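Here is the structure we will look at.
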Amino acid sequence: MELLALILIPFLAATALLAFRPAAAAARGLALTSTLLTLAFALWLWYTWTGVAVTGISHDWVPAWGMRFKLGYSGIGLLMILLTGVLFPFIIGTGYKQPTGDPALVNSMLLFSQAALFGVFMAQNAFLFYIFFELSLIPIFFLLLFWGGEHKRAITIRFFLYTLLGGLALLFSIAYVTLQTPLPHSADFSALAALELPMSTQYWLFWTMFLAFAIKMPIFPFHSWQPETYVMAPTQGTMVLSAVMGKMGIYGVVLFLFTIVPEGALHWTNLVLVISLFGALYAAVIAFRQDDFKRLVAYSSMSHMGLMCAALFTWNAYGISGGLYQTFAHGVLMVCLFYIVGMMYQRVGTNDLSAMGGLKTRMPRMALLFMLVVGNAISMPLTQSFVGEWLMFNGLWQLDHWMAVAGVVLIVLGAIYMLYAYQRVLLGPDRQLEVADADDEEHFFLVPLIAITFVVGVFPNIVLHLVDGPVQQLLNSFTSLP
Amino acid sequence: MSALILISVLAVLVLYLGLYNKKSWLAPLGILGLAGAIVLFATGWHIPHHLLAGMLEFDRFSIGFSIGMAAITLLIFLFGPDYYTRMQQHVAEQYALMLFSLVGGFLLSSYTNMLMLFLGIEILSIPLYVLAGAKKNSLRSTEASLKYFLLGSFATAFLLMGIALLYGLAGSFDLGVISAHIAGAGSSDLVLNFALFFVVTGLAFKVGAVPFHFWVPDVYQGAPTLVTTFMATVVKMAAFAGFYRFIDITGMPDALARIMVLLVLATLLVGNVAALRQTNFKRLMAYSSVAHSGFLLLALLTDTGPGSTVGATLLYYTFTYSLATAGLFVLFTIAKRANNGAEHNGIFQGLFAAKPWLALCGLAMFLSLAGIPLTAGFIAKYQVFLLAIGAGWLKVMGFGVLMALLGIYYYIMVARELFVPAEHPTTFVVTPLNGLVISACAIGVLLLGLWPALMAW
Amino acid sequence: MVYLFYLFAAISVIAALVVVAARSPINSAIALVVCLLSIAGHYILLNAQFLAMVHVIVYTGAILVLMLFVIMLLNMNEEVEVRKPLITRILAILTAGLLLLVLLAATRQGLEMSAPESFNPGIGLVKAIGMALFHEFLIPFEVSSVLFLSAMAGAMMLAKKDGTEHVNLPPSSEPKDPAA
Amino acid sequence: MEDVMTAIRVVPLDHYLILCFLLFSIGMAGAMLRRNILIVIMCLELMLNSVNLLLVAFSAYHGDAGGQVMVFFIMLVAAAEVTVGLAILVQLKRNTEGVDINQLNRLKW
Amino acid sequence: MVRTELLAILVPALPLLGVLITGFGRRKLSAYAAGGIASAMVALSFVLSLLLFLGHDGQTHIVHLFNWITVGEMNIPFAFQIDSLSLWMMLVVTGIGSLIHVYSIGYMHDDPRVATFFAQLNLFTFAMLLLVMGANFLVTFIGWEGVGLCSYLLIGFWYKTPEFNYAGRKAFVMNRIGDVGMVLAMALMFLQFGTLNYVGIMDQAGSFAPSNPLLVMATLLLFLGATGKSAQLPLLTWLPDAMAGPTPVSALIHAATMVTAGIFLVVRSSVLFELAPYTQDIILWVGVATALFGATVGLFQNDIKKVLAYSTVSQLGYMFAALGVSAYSAGMFHVTTHAFFKALLFLAAGSVIHALGGEQDIRKMGGLKGVTKTTYVTFLIATLAITGIPPFSGFFSKDGILASTFADSPLAYGVLVFAAMLTAFYMFRLLFLTFFGTYRGTAQPHESPKVITVPLVILAVLSAIGGALNIPHVFGGSEWLKNELATAVEGMVGEHVALSASTEYTLMAISTLLVVITIWYTWTLFGKKTTLDGEPADMPFLKRLIAKRWMLDELYAFLIERPYGWMSRHFFSIAETKVVVPFTIGTGKTTHGFAEWLRKVQTGNTSFYLFGLMLGVVVFLLITYFSA
């Protein structure tokens, strides 16, 4: 029942917002309340986690096509649920200080997407997964289309089509594999995982599935929608996109590729590793000389995602656990960073880094917050990112030394661009810009998030123990491969 | 059969009422009759009728399609009184012609003899030729009518040539005999292949498959919106029912499959791509109709014999497509009136601000046409996916997926207009009945999307 | 008798060509009459006397008269039609020629049908047709009444003068495509 | 009816086919070539009649009355079609003072 | 045991507490309060360390706090290792650290962000303690990165000057480059040993044959990490720039503690290095080269702190040279004495700078010995120590290194002695120019307050007598420090200098003599000068090259910085905006173009439609015909 509640609470709240269009304060309050409720539920699930995958609801939908309304979660799913649950109150909270538009509508869109995201992470049926996968896109689409920045129409459409392309390829794959199951067909993940598809099929099926997730994350060279979309999108939209929706890609890789087409995935491992690591380096290099703060963060996000994707394909516990763990860390990080971008934009009126500088004198509190976030971004030990990156490097090393070198170089490049950005925003001589320091509300927003990064950085096991079991299970199934 | 007679008599009755200028009685009478027909069909559900010397057969497929067509016609009739408020003359004729056309649709869904196929198509088409030109003082309407008439007649000529050749080969018009002959003949029998192809041409013309689609945008645009609605929905359903009945007996020989694949590819491509640059809503819907024909043809392509679910898929697809299309055309009429007769996509602007419920209904219908999950359109497309993949048409399906993507693009672009604030103040006048029709369509589309089992048989 | 076939065939083809080629609608109509009459001859050759009769009555008696009537009504007997551009004509003829060629090529393969050994000469008679029509083909016969009704109603509706103003909207009343 | 038998025996079915295809193609060419809508309709009739002839020939060769019944129906339908077509034509003439097919150019793009 | 654990936790916890107090109270605390709290925390830490040290029983204690990272086979505990090595380093860090904290109270009290400064300084102490106390590589790495971050923050403490920020970033990034090696080494060792605990690794390493390629690789990667942190060639250019930070920072971080982390790491993993002679050779020569490099560049520097910075580089080179010849105790000994006298040098220099109101250029100093007496004396003691004049501490520690090197490689010994002469030259040049002659500046020099001079005095004492910690056998000593450390540093077991006592005496005599001659020569050059000649414009090539620090910065700029910036810009402006994005947009545009064309095909001409219809029929017929 908790599972259904996770979907229904935001959905009903969103519907209510849309139907009654309450005034700003009420709309925000309702949205925040509902996200806090879902957070409570998510935490409850986390608290009661016993290490055994849970199936909450299983109801026939269209038996002939293997469609089944089946909700549940494994440890990996729970991690994602937790991520969504934790981040959405903050994303909604962003609207208090950095309003996107009519609060009723904007929050309604956000809540719709939250409901769909919960669905994605709880779906135990490939078809259901796809449905939520696409549904999560629609509210974001409207969010971008109506409250985006420059060139919003063209960029939104490009983003939308690009992601849909992947989605449809995924649908195609789902339809294909469902038909391969014995009669009566079933699209349950358990049934699909039991399939032993011939190699020749797995070769191409891998790509039709991977396309969806590669675009969603995104990794090179499927990323061309990403930087512009992030730049154009309102802060809240960017947050949802980068912090949560990108993670659907990671989740999907584990859920689909590793269980349904493991041999195909194994076969393409090197190629995927090379493109994702190359993409990670490529984005990290680009980020250095970006003048647009938001675009810089966008490229940094892409760089991180590339590393995470590569880590997943290392086929060992460290890489996969690290990659999954990092989804959480990265999600929190992205919300922080984009919030800071938004703060700066509100104050300076532009995202152009060359227009900033020397602000530390005016906003010392902000500088401290930003430094703490930067610490996480450059994966200082005892922050969350470090644990994930360490695990990922370990996984990469176990697979191939040179891949690990390429991965580790990222921490150098990351330090280069993040510190440079920090310097360009805050350091240097005072330029006499009249800006206010971070106020209490903004502290209220950022401090908990930063606290999370430290708590989980010092005690990573509270997240890691979620994924440990499922990852071991995955690895066991790999070892039985020829 | 009784429903067939009922509708025919009903049409005559409506014509008769028209003589007495009882305009306000027409629609209620028609609706009553249609409801009666639906009931009659439904009571015959479990009884397989094999009727009258093998001319018609009312099996589940035909009854399902007939009920679907009658239901959509009913929705259109509900919209009729509002649409015809300003028209004083020939209203009865138009209702009657639609009913006549519907009779043709019934025949097409149930024929078992090529002669009935021919008659069915003609009964379906001839009233449409007239209806397309029903706005007598509009040149566009007349032009649409004439274009439809000319092109349609030529397509009929091809169909007849095909029927004649089939008759020459098999010695009978009966589908069973023809089927047996095709099964016995080698795949290299050129004349047979030509014959099949000619019949397919005639049918493909009706469903608007490329390259026989040229009439579609022009006629959809020129015809009165109500007629366009009828054409896009009931006629399409009927045409596909007829198409299916024919394809079903052929066993899809290689030569036919080859042609069908090309038809599918061309239809998907042209339908979806050409729609990208359309700004006139009716033309857009026309191309959308062509595009959907592509998917439906793909479903047909997989029909290789008994036991397949192609028939059910077609019914589901066409019916839900019709629901969405009908609802959107009603919405379009409302918007068009609010914008002094303009037909471009921008007329929907400001609808969300003025009538949020209607805008959301419109959104649901657009999403359904686009094939976004939780709408019926998605389930429909997914069924086609499953069929095509099951039959091994992977590459064609891959192409279909790409085209579906384009489809989503142009629907979404129009759907976006619903939420854009209007540039200048517009008043949308919605009668309760129209609101009901739109809501019914949208709810139907969502309901069927959430619960596709509603239409399984 | 066999020469009659070729004679009729020649007449029908030539007349058909004249229909297509004649510049005046009247001439076309007259050529069509000739063509249709020659086809009636074929019917008789094929022992379809009843059909031949109906054909003459329906086509030459009804349809063509209707056409001539329309020609007169619309007052276009004097009108000389402008020809289409040469390229269009060439393409049209080429397409039709290709169609013919490919059809003929198919027939060269031959239909697996030889002349029947025993021939029922009665099939073309009124009685035989009537029996078929009212037994086997009763349903189509009845259904065709619907067709006629609808055609009649439709034609009446269109042809009747309403006396309303003819409003011709300008060619393009919709605004420019903003994306173009 | 000996002559009929002769005709069928002596004239191969192929010849009927060829004749019909010829007429069909001519009709088709005419439809594309001519601008006068009336003549286009005539060409249409030509095509229909070629089909009719084919059906009658087949009917004779099969010794089956069905083909002739079909022809009967085709005639009915042709009559109905022409009626409607001419009605539309009259309508067009009222609106545009002409029956040139090129006048149908409002609806495009 | 419980006592050990509690103390071991408290030692790093106190500075962390200091961070929190001074950090959160940075608006409310006065400069003295903040400084006092911070200093007290570190001093308390020192006391506790001392307690631990005194109560130490020579065993290795693991203080297990909690399991940090547990994944699959990996279980990395958050644990401290208490043995003589870590204890010794803790003493050095907290001891020197507390002195410098106290000193900073006086030095920084005028700065508006003094509380922040102390918070960061405390944070540094905390990180450094984690570094030396970690029971496994990963915990050490926390400190490793932590000190890097603190270094970045403190170098850029005066953030308004872009050059300082640049220096901070440079330090951090160069350290990060070293960290690449460190991380990779850890990954390698984890794969090989299945653990990252020092104890576990060192136990298992014995089963490897010497020169095993894996060990060579691991040690090389570790050494790469060490070069970054300890400013060895080629990753040393950040250290001189790091002098941008406040002087206490230079003293604590960039002289006494953080930069010795690399040496600590190598000593910590001495077992591995012992098994990789190839790596040891590299370490030796990198150390020797760095010693020479630092010493040469030091010759022509005019910034008082820069001279000291290059001297630090040079001294670190000595330490690595010692490690390269397995003389771990000598290395550690030099770490200790260096911490004393280099901290003293920096603090004294800071005192001078403070006295001159921020002036750092030695050409604008001179004759200060009369004004700033305490500073002068302490500076002199430190200079004597660093140049290795007996009996000051530097003599003993440097001599240990030189002797060990001579046993291994006379050539290296020769270079190191030469570097020692250079050291003597530039150090005394510095001394003479600063304190002798006549004053050439404009500010009003004055002696610093007690809070500054007291630490100086304490450090001077330590610098003078520090040698007593490890008096070699030839002088009748017992090599106390060596014996103490040997309980923890297993690689030290094989360490003994295979030299006869006479050889050792000779070597000491030679180096001492050469140094004294150099000092005399320096006196002749600078000692009595009242004015300073301008640098001759036509310096010889070599001299110019050295003065420009061997062009190393320019080389990096040319090889790395500029190409990287170029890449960054052009990846974006070419690859991204001209290829990847246009490809996507192009697809859309092509489709739109095609759509437009298809739209126009719909000409509205019925004849054309007919033609299209029939053409379609014909084409399909042809296809059917030809494919039959």
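Lettered A, B, C, D and E in written order, each chain numbered from 1.
As a convention for this text, contacts are C-beta pairs under 8 Å (C-beta built on N, C-alpha and C of every residue); 3 or more make two chains touch, one makes a residue touch a chain.
Bear in mind that the values here come from a model prediction, so they are computed numbers and not experimental data.
J.: Which chains lie in contact with each of subunit C and subunit D?
T.: B, E
J.: Counting only C-beta pairs in contact, which pair of chains has the most of them?
T.: Result of the pairwise contact count: C-D comes out on top.
J.: Farthest chain from subunit D, comparing Cα centres?
T.: E
J.: If you average the Cα atoms of subunit A and of subunit E to get two centres, how far apart are those centres in Å?
T.: Here subunit A and subunit E have centroids separated by 37 Å.
J.: List the centre-to-centre spacing of subunit C and subunit E in whole Å, with centres computed as mean CA coordinates.
T.: For subunit C versus subunit E, the centre distance works out to 100 Å.
J.: Just the number, please: Cα centre separation of subunit A and subunit B in whole Å.
T.: Comparing mean C-alpha positions, subunit B is 43 Å from subunit A.
J.: Calculate how many whole Å lie between the centre of subunit B and the centre of subunit D, each centre taken as the average of the chain's C-alpha atoms.
T.: Once rounded, the distance between the two centres reads 27 Å.
J.: Please output the residue numbers of subunit A that touch at least 2 other chains, ranges allowed.
T.: Within subunit A, the residues that touch at least two other chains are 161.
J.: What positions in subunit D touch 2 or more of the other chains?
T.: 13, 24, 27-28, 31-32, 35, 41, 57, 59, 61-62, 64, 66, 69, 73, 77, 80-81, 84, 87-89, 91, 95, 101, 104, 106-109
J.: For subunit C, give me the residues that contact two or more of the other chains.
T.: Answer for subunit C, listing residues that touch two or more other chains: 84, 88, 91-92, 95-96, 99, 103, 105-107, 111, 113, 136-137, 140, 144, 147, 151, 154-156, 158, 166, 168, 180.
J.: Let me know each pair of chains that touch one another.
T.: Applying the touch criterion to every chain pair yields A-B, A-E, B-C, B-D, B-E, C-D, C-E, D-E.
J.: With touch defined as at the start, can you tell me which subunit E residues reach subunit D in the complex?
T.: It is residues 599-600, 602-607, 610-611, 614 of subunit E that touch subunit D.
J.: Along subunit C, where are the residues that touch subunit B in the complex?
T.: 103, 105-107, 109, 111, 113, 135-140, 143-144, 146-147, 149-151, 153-158, 160, 162, 164-169, 173-175, 177, 179-180
J.: Sort out for me which residues of subunit B touch subunit E in the complex.
T.: Its residues touching subunit E are 146-147, 150-151, 154-155, 158, 187-188, 190, 193-194, 197-198, 201, 205, 210-212, 214-215, 217-218, 255, 258-259, 262, 270, 273-278, 406.
J.: In the complex of these two chains, what residues of subunit B are touching subunit C?
T.: Touch list, subunit B to subunit C: 8, 11-12, 15, 51-53, 55-56, 89-90, 93-94, 96-97, 100-101, 103-104, 107, 113, 115-116, 119, 122-123, 126-127, 129-131, 133-134, 136-140, 168-169, 189-191, 194, 277, 279-280, 341-344, 346.
J.: Taking the touch rule as given, give the residues of subunit C at its contact with subunit E in the complex, in rising order.
T.: 84, 88, 91-92, 95-96, 98-99, 102-103, 105-106, 180
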